[in-house]
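The structures considered in this document are given below.
Across the two complexes that follow, chain A remains constant while its partner is chain B and subsequently chain C.
Showing the complex of A and B:
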């Protein structure tokens, strides 16, 4: 019993005055998660309820610190050439279907829907800076996650216009990089967890080469892995437009 | 056809860049039931796409379609129309009138190049030359501002055939684009012209449209034929002039379209609207209006609802529908038989592999409707199965009342 108590004391360390505030940690997390520009090829593997694995590959471009992003499918052939443009931190979403050459603007009510059947929603893919406006950050303490000391930052929803009532980010003490984010639904039930793994420094920027979103309610899982990524990229000021979506 | 395959192979081999080959196989079976008969037909379709980008600014793409039909491939157009609408025509000797109850058409195996185009992207413009997809409009079921395509209301998102055209788009800033499309015909006078200025403000995208076409069309005209008059006792009472519809021409019918599109959202609800004003110099110069207004919403539990109301002055009013209207509607010269319609769709994902949906189309003029539940099952990563049922409601003489039931089975495997 005594040993268990000692373990708990070690696992949840008390905060001191020297620790940063919740808002400061959130700012650092957002800065780390949203570099100025990025260009990458990603592979997304969805483990379905039937246990099958479905793999998608797409090229993705992110600009203006995550404010704009463009994704274009490379594989499989069912969706090859289809693309999605998000601006305003996923406030505006346009979908492009290459076979019909049709662009459709999604209403914001669709933001909380699964992105191509995965465990990521459109909102998860492009929230970025909007966390600052939508959530109040509260630093809850320090915990050990996977043998790493992390700040436990709780993001409490300010208004009802977001699908997650609460999020808990576990950010490493050493560099504030988040290694796990827990998402709680409108009933305050833990619905999903995002695990950021294999963190490598690419061009001076810490990059999670593998991200796994586990859906605790549906018992499904989606893994996103970078095949290649560079931050040394500049985009034309009209890159994130409908014109480029159709190219 | 051999030449087409050679052309595709030549195109691909002549490009120094890598050529992507992909496509799909689609098998479909359709069944329909009218009061008098049951109709079954189906097809196997292979679509083979090639796509290549010899440089960053150029893309060349083409696809070949082979479609092989089975089942009842010889059909009678009149089987889908209530006998009340069968046209009356003069007998070959010109001395009487007869009812046409048989207009045959057949589903024949076909192979063709559906799209074949080159895109050229420049800093100042985008140019697309060749047979390409052109899909103007923002509506789901109806697109009043689309003068290029025919949409099947029972399958509104199915890909359209390519349009042979030249398309030039010039961007201005972030959200403004001026586009011009020319679809060459026999002469400049008959060439279809389409211009669109699209821009966006806040949550809304807007388009102003001008379209012009001048197609050759047969014009229906009421004529009379003298038939031998017999009274109720069988006595000859002289010749009687009986009216019937005959077709004259073809003549070029100038058609101007002035349109406006809007797409955006209000309080999380997607709003889509298209308004088209037609000036058709057929028999008069009156303006005719066509519009669609629609909304969609996705609930937190993933239930998706969409509805659209459609009105067209080009359709006939209740009780005035005749065979000519069916003919014009089926030929695609107008998008509806009557004037007012409602489309509603509900879709719900049952897990990550199965979608259930149902849509309904209501003819608000004759109060007939079709209700169609559908299942879409993604069996494997690149294999999709869909099963659609359709239940028709209304009086036998109404648009959706004559057919009773229908079903469609479709499987598509991508490669």
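Showing the complex of A and C:
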């Protein structure tokens, strides 16, 4: 009995006043996931409708804490030079095609759509700090994920204009870095999970060198990996503009 | 009681030999006649539980939708050749009965005649014709009259521009505007498989339009048909079911019967195959059959061949082993005759019990050969031992039955009980397998106890009549196995440690065992129906293994269709909604359609042309090229292969710029400016045809059910008019469990009331998995109870089971070590091994109880020999399954081969060590 009481006490006190609030954890997560600026080379593998695997390599530039990003394809040669620009936390998306030398703006509804055949949506790619406005963070407790103690932070949707009804972030106790994010669809069904792996400290910033989005409904997954990344980069005010897409 | 009965049988065999023989012949003739009626069905529905809602729905669809069991005629070749072939062969397919009568091979005509004889005898019902419908081309006239009422308001909004002016330049400009709105600025348009397919159809129309425009501008002689074809392509599209790369065409044949009616399946599938294959070379195409019915025929042929060939193979292998081990010819031959008689009895009983053999029960004979011969081994072994000692034949046969009869009954009942536990399964396939094999084994045991003594007596009388004398007795026991077991017995500590290490090693290896969930790996290799199905998936992005559901109203039909179209695992949804939108839907569309009609009616066909028109037209062609390039690269990045490949046919790729038709046309215009006159002709003929077509299609008259062509009504509306059929085409290979799981989940999400091969197969897998687990546990309990009754001690029963449990660990561990996978069929081996494998231990322990402590050498020398021979015969019988063309049976045979082998090894190694401990502790096994 005594042991049981001690256990209950420990469980209750595992979330003490010393623990941060949900909002504080969310702020930390967003700060960690959206550094001021970054430049990286990434690889992404998708599975085509015929079941073949296709790997793309592109350089990507992120600015204004995730508000803007620009991606330019390096491989394969069939799409080399094509580029994509997202601003306003993926509210505005432009595509540039090297072969036709034309820039097209995608419809605003594209935000919730699959990002180029992958299990990521455009929104997953560039949500930035919009989570703060769209979701209410609730700290649910502490649990172990992959042998690491993590805060379980539930993000509950405030209004209906988002594709996920709920998200659960598992952020490491030691540095608040999220190692797993579960996405729940409009029917409150776990639809996807993002696994942030091989976390390395690059220029003082923890960086997941590998990100795997696992789609539980389609039983597919997309892997994105950094080949190189640096945060020591500055962009001029015209960098994230339509004109720069063509360069 | 048992002893008295066995003694009576022995007496009858010895004294009333000829009466016994007559009785056996009569019984065999009766069961033989019954077994001839035993039919074979390889249908999946036969494996599912009876009165299952999914099977009921399947049967309902068959009944109400004239079969709904499509046979796919898959044609490959050049586009024009395929179309000519389809036009030629379709009327012949519709009159397949006549073609079979006049031109089919003798084999097919015999099958046809056999079916018709059954019809005449009133055994089966026939609709009067084999073929109900052949769908090879869209109902073009209906589309021309109501086409725009069938387009959703949202889609019409984006595409209405192209219906606003029939003249070439404005048309092309509007086409570009529409393309940009529809696809380039909205990736969503390609986000589902259905949308991807729509995009492919859209591009296909553009491809034909470009080809025809090219011909109109550059062919030496201008023909108005070029312009007309261009107009038709952009409005109606190709009426044929042709793959996006235009190398495959599909003709869908709906028979008047379903896959369960095998009497019709054989002549129709064989006849249809002969027909298309004999006509194809004349049109420079190849043709074959795919779909569930064609696969069912292939499976049945392979199953029948397997069943007969493997039974013979198992019999021959067992006979050879018998002759080699007993060094006798006549007795093994008698054992074989006895086995065949027993099998005939078992099959006759099977007919009375189940009537039809299914995919599982078809292998009953092989299982019974392997297990049934064991009874004969025990009888012949003791009988020859006694007669060799000079015991008179009558006494020998009675003594033999008294000595081994009870053991045979106990062993037979234990193994039968293991099979019968499978009857608890919900899967009809598995429960019938349990029933047929369980009761079959008991029948075989009874047949052996009656027939073999009678035949052995006839043999002895023949020998006496021929004046043959009994040869000198000789020791036929296996000394080596006796010595081996004794050495284990003596070094029990070392032996146990060694066995423990081996068991731990195999236990670790268990973690390496994987499961092969791909059912196609169970099928015979190289079946044309499977190869063609894979090709269809590759070319059309859909599988011929369709899933069906029904709706009670048009509204429900529309909702289900729309919900299904949103599912990523579904390639294509076919329903009456494509031809008959709901009243509300039609009301919503009326105004838009009317407006298109009014706008088009006010347009004028351009007459005066200048070179500026041609220049602008070329500019718009460039714009079209850019749009398609962007669409193609978006599709490439998005992994939408069909759109990518289709677009490549128009614009090539960066590496191969000039491979696209559109790019080549633009280049040609750049090199040789077309004559303005040609452009004028083209504009005139295109605009006139296009305008007429659009005016006709923009018909706002509400479509009613009566207006639908008969073909569409028959296809989608039930005979009683109460239900509508929705057919879902899977995007991938449903025989791969990963895809099947996603597909079934999505289909059930649309409606819980579905039917068809994929969901039934998924359901069957689930049931078999559950059945297998439950049967294994129950078998363990049943075997344990039998042992408790037999030994009258819990401890002794546990002792007897130990080698079996260890053997199972070794078996699964060995599979992990050698990379042998569990399959959907060989998982059934586990409960079977539990029933079969226990016999070895039981025989050894029984003998040990008789012989007493310190008798290890004697026990294994004699009983060891028997269990080695019985295990080897069982292994040979199951091992013969490895040669089955049905690879699933092969996997099952291999697992059983390993399992029975491991049980034998475990018995001869573990039991001596355990008995050594038991003796030391003066346990219950001592006298």
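As a working rule, the second predicted complex is superposed on the first by the 227 of 247 C-alpha atoms of A that agree within 3 Å, B and C clash if a C-alpha of one lies under 4 Å from a C-alpha of the other, contacts with A are read in each partner's own complex, and residues count from 1 in each chain.
Going forward, contacts are C-beta pairs under 8 Å (C-beta built on N, C-alpha and C of every residue); 3 or more make two chains touch, one makes a residue touch a chain.
As the structure is a computational prediction, the values presented were derived from the model and not from experiment.
Colleague: Looking at the overlay on chain A, is there a clash between chain B and chain C, or do the two fit?
Modeller: On the shared chain A, the partners clash.
Colleague: So in the superposed three-chain picture, is A:92 touching just chain B, just chain C, both, or none of them (first/second/both/neither)?
Modeller: Touch status of A:92: first partner only.
Colleague: With both complexes overlaid on chain A, does A:105 touch chain B (first), chain C (second), both or neither?
Modeller: The answer is both, since A:105 touches chain B and chain C.
Colleague: Now for A:82: first (chain B), second (chain C), both, or neither, which partner does it touch?
Modeller: second
Colleague: Touch check for A:51: first (chain B), second (chain C), both, or neither?
Modeller: Touch status of A:51: second partner only.
Colleague: Between chain B and chain C, whom does A:247 touch in the aligned arrangement: first, second, both, or neither?
Modeller: In the superposition, A:247 touches chain B alone.
Colleague: For A:217 in the superposed arrangement: first (chain B), second (chain C), both or neither?
Modeller: Second partner only, chain C.
Colleague: Tell me the contact category for A:174 with respect to chain B and chain C: first, second, both or neither.
Modeller: neither
Colleague: What stretch of chain B clashes with chain C when the complexes are fitted on chain A: 7-15, 43-51 or 223-231?
Modeller: The answer is stretch 43-51.
Colleague: Shared contact residues on chain A for chain B and chain C?
Modeller: Common interface on chain A, chain B vs chain C: 46, 48-50, 52, 54, 77-78, 99-100, 102, 104-107, 109-110, 113-114, 117, 218.
Colleague: Going by the contact rule set out above, which residues of chain A touch chain B in the complex?
Modeller: 46, 48-50, 52, 54-55, 76-78, 80-81, 92, 99-102, 104-110, 112-114, 117, 163, 186, 218, 220, 238, 241-243, 247
Colleague: So in the complex, the part of chain B that touches chain A is made up of which residues?
Modeller: 20, 22-24, 51, 59, 119, 121, 126, 132-135, 138, 157, 159-160, 169, 171, 173-175, 177, 203, 205, 263-265, 268-270, 296-300, 302, 304, 349, 351-353, 378, 380-382, 384, 414-415
Colleague: For chain C, which residues count as touching chain A in their complex?
Modeller: Residues of chain C touching chain A: 180, 184-188, 191, 193, 196, 538, 541, 568-569, 626, 629-630, 633-634, 636-642, 653-655, 731-732, 738, 741-742, 745.
Colleague: Under the stated contact criterion, what part of chain A meets chain C in this complex?
Modeller: It comes out as residues 46-52, 54, 56, 73, 77-79, 82, 95, 97, 99-100, 102, 104-107, 109-110, 113-114, 116-117, 217-219.
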